[in-house]
Amino acid sequence: MIISVVILGAPYSTQAPATALRFAKSAIAAGHTIHRIFFYHDGVNCANELIIPAQDEIHLPNEWQSIAKENTIDMVVCIASAIKRGVIDPTEASRYEKPASNLKDQFEISGLGQLVDASIHSDRVITFGP
Amino acid sequence: MSVQKNLLLICRKAPYGNALPREAIDIALAASAFDQNVSLLFSGDGVWQLLKQQKSDSINSKNHGKVLSALALYGIENIYVDNDSLKQRNLSKDNLLVDTKSVTINEIKALCNNCDTIFNF
Amino acid sequence: MILHTINKSPYSSAIFNDCLRLCSDGDAILFIEDGVYATQQGTDSYQLIEQHPEVNFFALAPDLEARGLTSDQAKVLTVDDNGFVELAVKYQKVQSWY
Amino acid sequence: MILHTINKSPYSSAIFNDCLRLCSDGDAILFIEDGVYATQQGTDSYQLIEQHPEVNFFALAPDLEARGLTSDQAKVLTVDDNGFVELAVKYQKVQSWY
Amino acid sequence: MSVQKNLLLICRKAPYGNALPREAIDIALAASAFDQNVSLLFSGDGVWQLLKQQKSDSINSKNHGKVLSALALYGIENIYVDNDSLKQRNLSKDNLLVDTKSVTINEIKALCNNCDTIFNF
Amino acid sequence: MIISVVILGAPYSTQAPATALRFAKSAIAAGHTIHRIFFYHDGVNCANELIIPAQDEIHLPNEWQSIAKENTIDMVVCIASAIKRGVIDPTEASRYEKPASNLKDQFEISGLGQLVDASIHSDRVITFGP
C-alpha cells in the first residue's frame, strides 16, 4: 500500500515526530511504500539542522534523514509553515537577507500542493498531531 | 494531479489561540486550487471560527473571518456546520458570517464515510 | 489571593474545572486567549460562573473583540491590557492555566 | 470504516467524547501517546469504552509500557507498531484526533 | 541569590506526550540547587508522572520515573499528591514510585496560599 | 512593581508571545519594571533570527527585540530548551560543530538559574502558556 504521513507536532516538545517515525519504520518493514512525509505546523521544526538533542535522547532529525535516504522517501516541509517558524533554505535566506539557513539535508521546502498531491496518490494519509 | 478526490476537512478548533485553524483553511484552498472536491465541516470549537464581527486588530492578528471569505473565491461551496455544536454554544446560524449547511450527527457520519480522505484540524 | 489566568476553551479543555476546584474565596479568574469562550451566556460554562460567586471573573477585552464576542458585564467584567496588569498587581500571585 | 487515533488524556481533553460521537458502527479507536490513559479499568473513560460495543478499541503497546500501564485486553486490545500499521491498512481511512 | 522563597510547582500534565512535565521538574531541581524552598504538587493528569514501572525505551524517550528520582538527590522532600486526582484515576499510593504526602483539596488551597510563587505546568 | 514574564508558547503557533508582549508593554506604560523575560519550552523560538513572518503579520521577534532594547529588559532563553529546538548562539554552534547560529540580537542564552533568580527578585512572575 502507498502511505503518506503528515507531522504537525514539534520534536522534543510533542511525541508526534517520534510516534510517526516508529509508524513509518513499521510500515516499510511490512512492505508498504511511504510516498511522502509532509511536515506542517510545528512539525517543520524536524527539519532544523541546528537542533542539538541531549546525548541520552534520540536524534529525531537525523533519524528522519536516515529513513528518507535509505528508502528514497520524499520529505517535504511546508514553506508557509516553515519560514514563519524560522526554518529556511538558502534560497529563502538570500531572498529575505537572512544571515544563514538551517534546512537539513534530505528535507525539501515546498508548498501545500505537495500535501494535496500526497493525498491523491496515496492509499492512506495519516496525521500525527501535536 | 488529474485525479479528483473527495476531501473532508473537519475544523474543530477555536481561532486565534492556535495557528491550526488557519493552516487548515490553507489546506482547503490548496486542495481546491488543485481541483479537488473539498468539503468543510465546522464542529466543536471550530464553529467559533464562523462568528461575525471578529476584530482581530486588537490582538495584532490576521482576521480569521477574512481568511474564511477566501473559501467563496476558491469556489468551495460545501461548507457544513455541526448543529449540536452551535446549540451547545448558544449560537444560531444568524451569528455566522459564512453561508453554511447545518447538519445533524447522522449527516456528519455520512460525510465522514463518503469522502476519500479526512483531515481533522 | 491569587489571580488565575485561563487560556483554553472550556469545551475542549478541562482546565476551567480544574482551576475552579483550586480557587479560594476571593481569588480571581481572568479568561484570556481562547479562555474567553467560557464567558458566553446560556452555556454550561456560564452556569459554572454563576455557581461561583466567591470567585471574581474577568475577561480580556482584546481577546473578546478579536473573536467577535461581547461580555454581559453582569458576572464577568471586561478588562483591557492595562486592567490585566492592574489585576496582576492587585492579587499577590498569578497562576497560569493552559 | 474509519480508524480514529486519539493522543490526549481523557481527563484533560474533550477529544475522546468528541470522537466517540462521530464514530459509526464498526469504526475503530486506537489510543496512542497520552490517549492510552483512557484504557484503565474502574474509571469514567473505561465506562465510556464499555458503553460503546459498536466501536473496536485498541491501545498502542509501546505507549502503554512507557507509562507503566497495562491493558486488560477485555475491551481494549493491545497492538504494537506493526499492529498500528495493520489497522491503518485494514480500515479505509484514518482520522486523527489531537 | 541569598533570599529564600517558597516556590510551589503544580505538575498537572501527563508525562511523555509533551515535554512540559519534564521541564517542570528541571525548574524544581534548579530552584533547589539555588537553595529555594521547593514544594511539588502532583495533581490532575500530573499524578500519572508518579506511576511505577515506566519503561520508556519502547518510545525512545528518557524515563520520567528516573527524572523524578533526582528530586531526592536534590533534597526535595515536600512532594504532595492530590488525593482526589488519584481516586479519579483508580490509583492508590501503592502505584506510585515516589514517597508523597497525599493531600485534600483544602490542604492544596493552603499550599497555594502559603507560597510566594506558583508555577503551574 | 518588579515583574518577570515567562513565555512557554511558540510564536505563530500559539498566542502566548503576542499576549505576553501586550502585557509587558502595558506594564511598562503603567510605570512597572519588567525585570526579565524568560523564554522556556517552545517560547525559545521567539529568539530565532531566521523567522520570516508573513508581510501582513506582526514581527514578534523584532517586537521583543525593540521592547528589550528600549527598556533595557533582560531577555533570557533557556539553554536546555533552546538547543534541542535548534535555537543556538555562536558558542553552541562551534561547540557542536553546527554550520550556523541563529540567536537573535538582544536575546541571551543561559540556564534555569535565571528563572529562579527572576522569581526571587520580582514581585510577580507571570507565565504565558502554550
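Per-chain numbering from 1; labels A, B, C, D, E and F assigned in written order.
Keep this in mind: contacts are C-beta pairs under 8 Å (C-beta built on N, C-alpha and C of every residue); 3 or more make two chains touch, one makes a residue touch a chain.
Everything numeric here is computed off the predicted structure, so don't read it as measured data.
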Any chain in contact with chain C as well as chain F: B, E
Most extensive contact between chains (C-beta pair count): A-F
Proportion of interface numbers common to chain C and chain D (over half same, under half different): same
Rotation in the CA alignment of chain A with chain F, degrees, nearest 5: 180
Inter-chain centre distance, chain B versus chain E - centres from mean C-alpha coordinates, in Å: 40
Geometric centre distance via CA averages, chain E-chain D, whole Å: 27
Inter-chain centre distance, chain B versus chain D - centres from mean C-alpha coordinates, in Å: 26
For chain F, residues contacting two or more additional chains: 8, 12-13, 15, 19, 22, 41, 54, 57, 80, 125, 127, 129-130
Residues of chain C touching at least two other chains: 7, 11-12, 14, 33-34, 62-63, 93-94, 96-98
Per-residue overlap in chain B, given as positions that touch at least 2 other chains: 16-19, 44, 59, 61, 116-117, 120
Chains grouped in pairs wherever the two touch, ordered by label: A-B, A-D, A-E, A-F, B-C, B-D, B-F, C-D, C-E, C-F, D-E, E-F
Touching residues on chain D, where the partner in the complex is chain E: 7-9, 11-12, 33-34, 37, 40-44, 61-63, 65-69
Complex contact set, residues of chain C against chain D: 11-15
Contact set on chain D toward chain B in their complex: 2, 14, 18, 21-22, 24, 93-98
Residues of chain A that touch chain B when the two form their complex: 6, 8, 40-41, 80-81, 111-113, 115-117, 119-121, 125, 127, 129-130
Footprint of chain A on chain B - complex, ascending: 1, 3, 5, 7, 19-20, 23, 26-27, 30-31, 33-34, 36, 116-117, 119-120
